Amino acid sequence: MKLTKLLASTAVGAAIALGSVAAQAADLTIVSWGGAYTKSQVEAYHKPYIAKTGTNVRSEDYNGGIAEIKAQVEAGNVTWDIVDVELSDAVRACDEGLLETIDHSTLPAGADGTPATEDFLEGTLYDCAVANIVWSTIFAYDGSKIADGPKTMGDFFDLAKFPGKRGLRKGAKVNLEFALIADGVAAADVYDVLSTPEGVDRAFAKLATIKSEVVWWEAGAQPPQMLADGEVTMTTAYNGRIFNAVAGEGKPFEIVWDGQIWDLDLWVIPKGANNKDTAFDFLKFSTATEQLAAQASYISYGPARKSSSPLVGKYHNKDIDMGPQMPTNPTNLANAVQSNFEFWADNADQLNERFNAWLAK
Amino acid sequence: MTDATISNADAPLLAADGTPLKEKLALTTRRMKMRAFLLTVPLVLFLILSFVLPIGQMLYRSFHNPAGSNVMPNFAKAIKGWDAEQGTPGDDIIKIFVTDMAAARKNREVGKTIGNLATRVNYEIPGSRSLFTKTARRAGKITEGPYFDALVKIDKRWDNPNLWRTLQRVTEDYTLSFYLAATDRKYDETGSIVLADELYRIYLPILWKTIWMSALITALCFIIAYPVSYLLSTLPLRTSNLLMILVLLPFWTSLLVRTSAWIAMLQKSGIINNVLVYLQIIADESRIQMIYNITGTVIAMVHILLPFMILPLYSVMKTIPPSFMRAARSMGASNTYAFTKVYFPQTIPGIAAGTLLVFILAIGYYITPALVGGSDGLLISNLIADHIKKTLNWSLGAALGTILLVVVMVFYWIYNKLVGVDNLKFG
Amino acid sequence: MTFTEKCKTRGFYTLIGAALLFLVYTQSFVGMVGFLIIFGIPYFAMHDLPLYATTKDKIGKYIFLAVCTMIFIFLITPILIIIPLSFNAEPYFTFTEGMMSLDPEAYSTRWYEDIWRFGMTAPDGTENWWGDMWNNATWIRAMRNSFFLAIVSTILATGFGTLAALGLSRPEMPFRSAITSLLISPMIVPLVITATGMFFFYGGTMQGIIPGYEKGLANTYLGLTLAHATLGVPFVIITVTATLSGFDRSLIRASEGLGANGWTTFTKVIMPLITPGMISGALFAFITSLDEVVAVIFLANVDQRTIPRQMFSGLREQISPTILAVATILVLMSILLLTTVELLRRRSERLRGLSPG
């Protein structure tokens, strides 16, 4: 009869569907920011680790934030084993008990035998997080389109001198610092000024001068694309993404280091991760001197260990010295700000609210 | 039997088994009602589990936030009776506070760490987060009184009765704070409710914007749908069925597909700009920005919601005999007069159904504004999603969600009164 | 008038003349084709005007038809336009010059290949190529997730929904209005709110709610299936009750009068009549689940990404024509589903004697 046939075929369909999602479980799920950055980690960390241990590694992309970690930990179903996060997120997640604590003494010593706690740069080891790289938000432009390009953060905000659209990350963080630097605040004083209501007003006022020309981006992959498409004449971006567009795809982009804001990326392990032990093992492996130095040959982010710096050489398949491309290179640090995680942990909620209100007007 | 009926005319009619017929009928009706009802029970139970309870939980979260009492259970009890008008609390209360802080600092249990409290207080007093994490780090070292002085030594801000007033409020499990925040209000220093600084007001303006944009989208849908529905209802069945496919195909096509299509159509290097440049209507340099703003959101949403307007209008118009209009014309009415006095009034039920449905669907839209809204086409749903997925202020997200839910439910109720849910149809 | 007769009238020559003038003025062939579509279709659609119609009436009708033509173009163009766009050889969301001049070099199927290549560890490798594609290709994984969720949630929604619709359509149903409102509400309540509620509820422990299950349902296929089944329920209820509304209840009494028991009546009389409605409802539930992205954003982890979720992040982050290739496949599928539903609806109307056929 027709009805039985219908039911039977439905059952078969359901069985096929059920079978189709029974995917193989990975032994280790590593979550990072995608694009060129994840690629550099795959080359420098994942591949050697797989070769060494034979672990079945799965690499996933995300867009930052701790919402996913929080949701997984609270649901008691943690499928992310190790996650690459920004410092302010790492600190907040740690404060809220969402992360495994990490015993720094178990981290491998430097190549020269220096204990890890001394080998890591100052301020790169936290209760629940170990930094792997130093990255930076800079601004960049297309050198083939602007001959005598911008030199300072002030130029980025100067629509008269350099007309055209600007790309900025959607959100208060980084933009307010940039605005103050462009307005003449010394890099060292940025957070002191920003801690006062007048300073916040000043930053927003400066941002307002270019608001009509701004194209807002959200994912790190967007700015190089926006520059390439000619959608913007200059844009803020993560320095590694711009470097990779230049070195990897031969794009004529130029980076302006003036007023750069550097920050850390850190490994964290969500509390109760399904493969916690493997995650710890991978954490120790990937933050060893050699791996951190290896990563620097795939992307222009500075290693968090002192002992890695001398090992940093050239880009993996081109004759480009990586040293001068690093945010931590002394000439690049001339007018640089270290992102202040404590300031943002305190003020992000309020400033983002004001930013959104400002944006909606 | 006949005797009984005759001799006792007042006695109730009896069914075959001897029970009074009335009772028997009532029993059967009750049984049939029960049977009909039982058929719906599995689904009702399913929806309660998968839909009603979750939404109930959201409502509950919007005014229930136990972060304070979870992290500092003893202090929460101790501060309850304290009167804020008499300056900072006594040292006995502060001692409990310090011990609770020290204990919380060691606690790694999710939801009970000092970070949870710091986050909660930071919503009330922006910038106070580090005060709590810093104090907690040192609280373990305070071993003897006066505890108050020890706290002030860590940070001067502790010497402020208003901070303690906020703590008293925050350690209560039930709070209205998030509803205040959701309506751009807050508690000021002294604990009275004030409007937030103008620069920080966002939720009410966006809510109004959502409502007027939904109204605009509904109006546009109506203007576009009316002639098309009229055409469809007057054409011969075969032709109208064919044209109906043009209406139904968008309805059956994925929302994401249609949104990507509109990006391809409207972007600066998109098809519409290309055509305009090609026809020399605009110059290549002055391409129009039609997407990533309100315009793009409205165009894409009108396209997406149009079928929800056409279908109810069509089904009402189909029932209006064309002879009515002809009769009006033959009696001397002008075209306009016949339309406004004879035809239009009869389509009002369809208009009510279509506009209400489109408005209800538009007001909660999330995906399209998120993709093509840019920075000024954002709607209230996008803010809710942001608070849930990004800033993690879940209680505020829940409060905003509750407000939106109430607005939608009011219109759903009106819809139910005017149109009736059983009149919803697709195709 | 027939088509050929229409082509011999003065109006037709005027139309052609105007189109040629347009061509001369804009020097654009495509423009002229557009002109002919917008003004030609209403011209040919003009017929059966009453004899007493004045010139004013005729002009009014013509404008009305032109407006309707433009609205239909508005409805359908965006959907059709993505089909040629998906064959773009360049990584852009727009027609290139080569495409406009129909240069075969400007067209390619590379974005379709991308559907199974993107995400593979070794797209050009030979060893275990199929396994690699099946397990690692991003879009293939998304498709598997989408179809799994759609099929399972459709079965749930249709099963529960049909049963409830049978109850709701009985004349003696108590609290009909209230219960219908409840069952329809997943369609009315904004998705963000439903998803937020589920995010909280499924995020918590299920202890005491689902026996023997202590974890949360967030990031599980079970949670997503429940969510999608919930969202599909209203569509099943609406379509099945619509089918039942024209149902002649005397057929049941006739069947019972002829000695059939309840089960026989159900399978031999009720089922055949409601099956078309049930299948339509199921297809609605299926497409709802296949298209749903908000609940997936809130409840799924990366492993459980579905096609629309993948498109969502693609559109937000890195626009690639692969999205258009996937979209084209989805459009073809919608056409297939729509045709099925239309055929079923007509069949059901015929069965119930409502339509001339």
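List of remarks:
Order as written gives the chain letters A, B and C; numbering starts at 1 within each chain.
Please note the rule applied: a contact is a pair of C-beta atoms (placed from the backbone, for glycine too) under 8 Å apart; a residue touches a chain by one contact, two chains touch by 3 or more.
All figures in this text were calculated on a predicted structure; none of them were measured in a lab.
A complete topology is adopted by the chain contact network, contact being made between every pair of chains. Placing every chain at the mean of its C-alpha atoms, the farthest one from chain A is found to be C.
Here the chain at the heart of the structure, going by C-alpha means, is B. Measuring from the averaged C-alpha position of chain B to that of chain C gives a distance of 24 Å. With each centre defined as the average position of its C-alpha atoms, the distance from chain A to chain C rounds to 38 Å. Taking each chain's centre as the average of its CA atoms, chain A and chain B sit 33 Å apart.
For chain A, residues touching at least two other chains, in rising order: 74. Shared contact sites, meaning residues of chain C that touch two or more other chains, fall at 199, 202, 204, 316. In chain B, the residues that reach two or more other chains under the touch definition are 269, 388-389.
Within the complex, the chain A residues that touch chain B are 65-67, 70, 73-74, 92, 94-98, 101, 170, 204, 215-216, 229, 231, 271, 342, 345-350, 352-354, 356-360. If you check the complex, the residues on chain B that touch chain A are 107-116, 118-119, 122-123, 126-130, 133, 199-202, 205-206, 209, 268-269, 292, 374-376, 378, 383, 388-393.
Touching chain B in their complex are the following residues of chain C: 26, 28, 30-31, 57, 60, 64-65, 67-68, 71-72, 74-79, 81-82, 85, 92-95, 156, 160-161, 163-164, 166-168, 170, 172-177, 179-186, 188-194, 196-202, 204, 209, 226-227, 229-230, 233, 235, 238-239, 241-242, 284, 287, 290-291, 293-294, 297-298, 307-308, 311-312, 315-316, 319, 323-324, 327, 330-331, 334-335, 337-338, 341-342, 345, 356. Of all residues in chain A, those touching chain C in their complex are 1-3, 6, 10, 13-14, 17-18, 20-21, 23-24, 31, 60-63, 68, 71-72, 74-77, 79-80, 218-219, 221-222, 225.
Touching chain A in their complex are the following residues of chain C: 135, 141, 144-145, 147-148, 151-152, 155, 199, 202-205, 214-221, 267, 271-272, 275, 301-303, 316-318.
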